[in-house]
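Two complexes are shown next, each including subunit A; its partner changes from subunit B in the first to subunit C in the second.
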Partner chain A sequence: MTSPSPTRHSWYEESARGRLAHLLDPGSFTEFLGPERREFSPHLGLFNLPHQLDDGIIVGNGKLDGRPVLAAAQEGRFMGGAIGEVHGAKLTGLLRAARQMKRDVVILFDTGGVRLQEANAGELAISEIIRATLETRAEGVRVIGLLGGRAGCYGGGSLIAGCCSALVISEQGRLSVSGPEVIETNKGVEEFDSRDRALVWRTMGGKHRYLIGGVDLFVDDDVAAFRAGAVAALERPAALNQAVLAAEQARLERRLARFGDAADGAEVWARLGVPHPATVPDLDTSAFLTIATSKREGADAAR
Partner chain B sequence: MENLRYELSTTGPAGGTRAVALVGVVASGNLEVLLERGEAPDRCVIDIATPAHGFAALWQAVTADFAARMAAGGLRITINDGGARPDTVALRLAQGVRLMEKPE
Partner chain C sequence: MRPVDILSSLFPAGHQVTEAGGLLSGNGRLDPQITVDVVGISGKTYPGVDEALALAGRILSIADRPDPAPLLFLVDSGSQRMSRRDELMGLSETLAHLAKALWRAEQAGHRTIGLLYGGSAAGAFIATALACGSLVALPGAWPEVMDLPSMARVTKLSLDVLKEKAAGTPVFAPGLDNLFATGAIAEIWDPARPLCDQLKALLAATRDDDGRAGWGLERGGRVKAAAIAQEVQRLALAHG
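Here is the complex of A and B:
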């Protein structure tokens, strides 16, 4: 599932449509509200910005290893995958359909968060998506998030990911509420230098998120690895109840007590007992997983 | 936003039976091209929305060159531009016609 192969095909570099095509069983995908329906943003034209016909998200149904699923893929190259009114409504609609159909959902995240040009509509959309996610999960339906896109998964997108039943990430995937530039703008370059890419990955990158239990599965930056990861994630328990939430609360309290004063990702890894923490970013996937499996904080269904 | 429309006579009808094809994304230096059928077989209509004002002459040249090179008859093409260079536009248009020829 995670061994690099000479035929590796980068998930990070693929388009949203390309990722869907490789993730799902060949020919199984049917798009809802495709580009020919022209359900694009009514707001962007006001700012003399070009719209995209699918508003940067593709939704539909398909099969994953023979299992029927609903799927959504964000296109991180269009406005950083940001969530506007229509983009959000398509995802909300898909999640509501999943609840009615009792069908698991796979979300291919690639987003900087709310689309600033549609701020209020975008914020509302995030809330609606979160509500729809939780209502869908309350019915025992899984909502799986895949994190390995160019734009990462930031802002409101990260909050949605936090509500998923399981998350799959690659080293290239980044998951954080505030992005590097946002932190630097608000707190200063002394607090966070957004151009220090190594710092960004130590703080928000896939390896760090996996080690602290923020995600459930770590895979190579490869379309086949993401497919295998999604299949594995769909095998995990779907429960969302009070016991799960209480366990998550306790886990987060432990995390805060254990790592709350750590100043850097590498310091967190050292406290986890990872040998030679400074070398973690250089480890290949199998070497990393060998260490991570015994040292990482466990994730759970509530995240 | 500058909106341009070119109605071109073509060298022949587009191949394939696919009803719709989409190539590219709206990103810096890129563009999306949606191809649909529905025009007369000797005609191709291209609608362009571009945030870069003042380049109609370039668009006209690129689309005329496309119509002369590719069999694009019957196609209705919609372009949302993200500031693509002319060579990128030409490649995307050719890619779109090829995709329309492919079986679904």
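Here is the complex of A and C:
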């Protein structure tokens, strides 16, 4: 939301705890079931892998611009932020509390998806998180997602993000189900060359997601910008009902009709009327937003 | 069981369910009073943006109807389609939208029953079978998050070592028994008995809130999840 400044402090480079500290009002955060409770994964030992005392997710409550919120932050540096039994259950519990308390939730995504060493428990945890998210939203509670972490937001994590009421992304944020390496491994390098970083950004990066209306707000890779984005996202509509889902159906059908045969992100942007689409990856945030604001497909609160 | 046998066992009074492009659509009569809407993915189809959106559109139109007809979702899929185009078009949004449509149908008074009779994996499994209000399976179903050879590649462990580890825990290896033990599946139906009776019994029982972590605890396949979620919930409420 702001231009890069000398005081810029990268969200991408921060740890989960560091992001929470910068996102929330100073001193307002209280963690639930923190590392001192030693609730780590019971499954990683089987694979001789080290555990982490918080299982790679921090959950708690705090204030955002004076407003009470529940918050969860995934740590992409522990097993790529992957979701296992304990990690997932902490988020499910937080969302169920949010429903009862009618309190908005902020999720700081940083995840490759299901943790394979506990794949069945992780897969099921994601399904439980999705159900808890939707039941919470049905009560008029906002669940907003912040996407700018180093592990991206992949696999089942991207489906959870798709159930949020609003999403905030940075250029570095990547949002997709199958990651580049997964597509390449399964379908070949001709389908997706995972080493082609420019292709990754054009297909699943923050600018593309913002331009096609897959997210609501685009911000700089900066902790203060994410904080401002989160505050703005908390002002967006909270409803989840038949009308919202019918609007989402129409929005996604329109996207496929308009862009479904495009071969590349740049072709999608050209059809949106973005001038010089090939230069979009080079634009700084303010130049990008100037163009994107008038040309992008809106999300129209339809998610 | 093949879809044709499943449908005739479910709907002895007849059905109009057709398949096109790997998707099932139609309805059947459970008895003279109860009509059941049917959707599905068959033939190990990998759902991409087109399939997910087609399914969601049908499910939302059912959700919008005032009657309380149950919705049966037959599942024999692959994982989500892995392609550049699907991700370019926002597959994560589309699969999430499908999960939301199923949730909406349940909320609008249509029981949503997933019937897993074949494969399903990864994101496709989350957005279809696991997104139904109740999930049942037939023997021979093969749900998986990732197949063991791929898992061996990612974890850098040999297939033999993985198989040995899988014998001691249901927590990571593919297969119906493992998913059942973790609480993903309410019941495994008996193909030797009429499926219509088993569906009627399921519909007669009221569906509670998401109790899957409790089943995981009872069945010994996922023993921490329920307590962890409850403890976080308790702490949040206690803290105000």
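Here is the rule we go by: the second predicted complex is superposed on the first by the 299 of 303 C-alpha atoms of A that agree within 3 Å, B and C clash if a C-alpha of one lies under 4 Å from a C-alpha of the other, contacts with A are read in each partner's own complex, and residues count from 1 in each chain.
We adopt the following convention: contacts are C-beta pairs under 8 Å (C-beta built on N, C-alpha and C of every residue); 3 or more make two chains touch, one makes a residue touch a chain.
Quick caveat: nothing in here was measured; it's all calculated off a predicted structure.
Legend: residue contacts after superposition of the two complexes on their common chain; A:191 is shown touching subunit C, with no touch to subunit B. Of the two partner chains placed by the overlay, neither subunit B nor subunit C lies in contact with A:235.
Of the two partner chains placed around the shared chain by superposition, subunit B is the only one that A:36 touches, whereas subunit C remains out of contact.
In the superposition on chain A, contact of A:156 is made with subunit C only, not with subunit B.
Counting the residues of subunit A that each partner touches, subunit B and subunit C differ, and the larger count belongs to C. Once the two complexes are laid over each other on the shared chain, residue contacts for A:183 go to subunit C alone; subunit B is not touched. In the superposition on chain A, A:51 contacts subunit B only, with no contact to subunit C. By the touch criterion defined above, A:75 reaches subunit B but does not reach subunit C. Comparing which residues of subunit A touch subunit B with which touch subunit C, the overlap is empty.
Here subunit B touches subunit A in the complex through residues 1, 20, 22, 25-27, 30, 32, 34, 36, 49-51, 78, 80-82, going by the rule given at the top. Looking at the complex, you find that subunit A touches subunit B at residues 15, 17, 34-36, 45, 48-54, 75, 77-79.
Of all residues in subunit C, only 49-50, 53, 56-57, 60, 63-64, 80, 82-97, 99-101, 103-104, 107-108, 122-123, 125-127, 130-131, 145-146, 150-151, 153-155, 157, 165, 168-173, 178-179, 182-184, 210, 212-213, 216, 221-226, 228-233, 235-237, 239 touch subunit A in the complex they form.
For subunit A in complex with subunit C, the touching residues are 30, 32-33, 39, 42-43, 46-47, 59, 61, 70, 85-86, 88-90, 92-94, 96-98, 100-101, 114, 116-128, 130-132, 134, 138, 155-156, 158-163, 175-178, 182-183, 185-187, 191-192, 203-204, 208-209, 212, 214, 240-242, 245-246, 248-249, 252-253, 255-256, 259-260, 262-265, 268, 303.
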